[in-house]
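In the two assemblies presented below, chain A is common to both, partnered first by chain B and then by chain C.
Then we have the complex of A and B:
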């Protein structure tokens, strides 16, 4: 376990990197604020995400196998506008690496 | 002035597949004059290329394409299906609400307004709308915040 990066670098990913990932980014920002974690959240497309350094990546399950190993924490989420669903997945994932 | 952002809603019993539904939603933006003729095709191509990720919450697809692809200004449209259609999304299928937007240069503004509205139950309000005019009223409230 390492200390949590400050701010945490988070990537919200979708296929195109524009509309859908931007919505996920907004959801992620709200959740991280609620968790009291300082984070810099960006949104991007799948191929850019592969070559971008990040601590946490969030995106749909269909994309995540392609991103294995691209970040310390990878969280899949089905519903991009449901903050509590994202929080429910993000909490244990961050706790597992000692970042919560 | 945000009040001038045009909106359009249509209720359709069914479509043959997700392509026709996607095209129908984007076509309403062409009719509004906020997107060019090529926009519906670009929206379909985007899903073909990148997969059904635009189905971002259960039952709802956010139809869009690259900002530079023929969007002249902001516009918001919805097609509500009587019979939902599958996009091939592993968890959020089937889809009965197809929201389409064009942004001109104001991508962030449109997305933020739509995301906030979706988080606040927009999809269910569209499902509950008695007629197209009521659904358009819901869309008008969304773009009022752009």
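Then we have the complex of A and C:
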């Protein structure tokens, strides 16, 4: 359990870092706003994500195995535009580390 | 009067011919429209501008690497390397500086089409492909109509790109629904041609059964997972080919390319191959930087002007449903491309360059769409189709864009080829008409688009269903070999793939 970083640094990741991760960034931004968490959300590709400091990483399952240990919280998504699905996964993940 | 004209000419020459500034202005407008706070507007505009500058630096490095690569691989096989009078960078700095205007005006025309015709419900949001496809269309027009006035280029290019953005998500919609299992978003990607061929092709060939042969039941060795990282696979494959080629190439040619470097040839080859991969990484970083500011604005506009429409998104949105199929498609695509490359080389044809990004995303698309229809065999088939299309496409396309941006051939997805060839072909046919030819081509594209949309809309009204459902059902039933289950799959939200366990979610 630790104090939640303010703002929370969130990284949306995809293979190239410009298409789906950008859409996912917008989805994550609105979910975090709804949860009332101040966050700075960026989007990037797999290689860059490994060398970027982040508290939370969201992305597709097939990429997350490459990113194990790159952030405190790692959440996988199957649907890049579904806000409620992302919120349903983000909530327990953040609660687990005491950030919610 | 003279003063006013001087000022206008000055603005035209110093502002509107500068791609970075133009993209910055689009970002600025977007951020203001979103009513972002002052600091965000400033930072975002500057980021967008710097992004384009980084992009051109990346293109520069990539182009330089491409030239040595082609020279050395050609020499290893005793061929003449392809020549071109212009490069992508030259084109973007010159006539191609119209591209940002084409994107902005094209997006407006696209929104108008979607607003007027209920059948066109997808708003195209895949930003980097909006950028590249606009370059393809601009370059095609410039290749045929050499002295095309700037305003004509902008208006014609905008109308043509708007028609592509409107139609492309529609022709892939029935298959897309089958792959992702719902209709919450569409697919806006320039590998749609491969996806169509993979889906309908493996159905026509009766390659397999989507449930019995499902790719997700297979397990691929973990050791090859590093290929998923585009930077890694580009660096590895280009390095291997470069080192092998240096071993067989004429040492004089290698020395010439080395331009006085003190390194041993193999060490130099290694650095060059890595620079090439780095060039692509830098190029992508630049594109990412300006898109991050522009796409949210485009989404904001479309949400505000057109509530209820659905976004057409990048191809990875289809990947979580079948990650193994993505790898199968990518690997088969890469293997086939390398085989075709060897065949081309021994036959003395054009020197191909393995485009790892397009082999991954196009191959992945072929894999996922093939798998949805015919299981892993369909995935292999989709990958093979992508590999062959990319190889043959490079060969034909490099020459077509010799006076503008030949690199469009090596950076391309299959749709770039399809759209570019159609456009150049049609324009050549009409070239005898002179100055009006460009308007005839543009008008024809618009008329066909409007006719298709009106037809889809009328059909929807007649059957009393939503246009998308009709589009899906009609194309599924129109295919004579369609198994009975697929008709229901595409007209309802239940599809075979929807019930497959998605490995994407199991890593939690």
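Quick notes on this structure:
Heads up, the rule we're going with is that the second predicted complex is superposed on the first by the 100 of 100 C-alpha atoms of A that agree within 3 Å, B and C clash if a C-alpha of one lies under 4 Å from a C-alpha of the other, contacts with A are read in each partner's own complex, and residues count from 1 in each chain.
Everything below uses one rule, namely that a contact is a pair of C-beta atoms (placed from the backbone, for glycine too) under 8 Å apart; a residue touches a chain by one contact, two chains touch by 3 or more.
Since the model is a prediction, treat every value here as computed from it, not as a measurement.
For the composite obtained by overlaying on chain A, chain B and chain C cannot both be accommodated without a clash. Set side by side, chain B and chain C differ in how many residues of chain A they touch, and the one touching more is C. In the superposition on chain A, A:61 makes contact with both chain B and chain C.
Legend: residue contacts after superposition of the two complexes on their common chain; A:38 is shown touching neither chain B nor chain C.
By the document's definition of touching, neither partner reaches A:95: not chain B, not chain C. In the superposed pair of complexes, A:20 makes contact with chain B and with chain C alike. Touching of chain A by both chain B and chain C, each in its own complex, is seen for residues 14-16, 18-20, 22-23, 26, 45-46, 60-63, 78-82. By the touch rule above, chain C contacts chain A in their complex via residues 125-129, 184-185, 225, 228-232, 281, 284-285, 287-288, 291-292, 295-296, 299, 311, 313-317, 319-321, 323, 326, 357, 360-361, 502-508. Those residues of chain A that touch chain C in the complex are listed here as 14-20, 22-23, 25-26, 42-48, 60-66, 75-82, 89. Residues of chain A touching chain B in their complex: 14-16, 18-20, 22-24, 26-27, 45-46, 60-63, 78-83. If you check the complex, the residues on chain B that touch chain A are 46, 49-54, 56-58, 62, 64-67, 89-92, 101, 107-108, 111-112, 114-116, 118-119.
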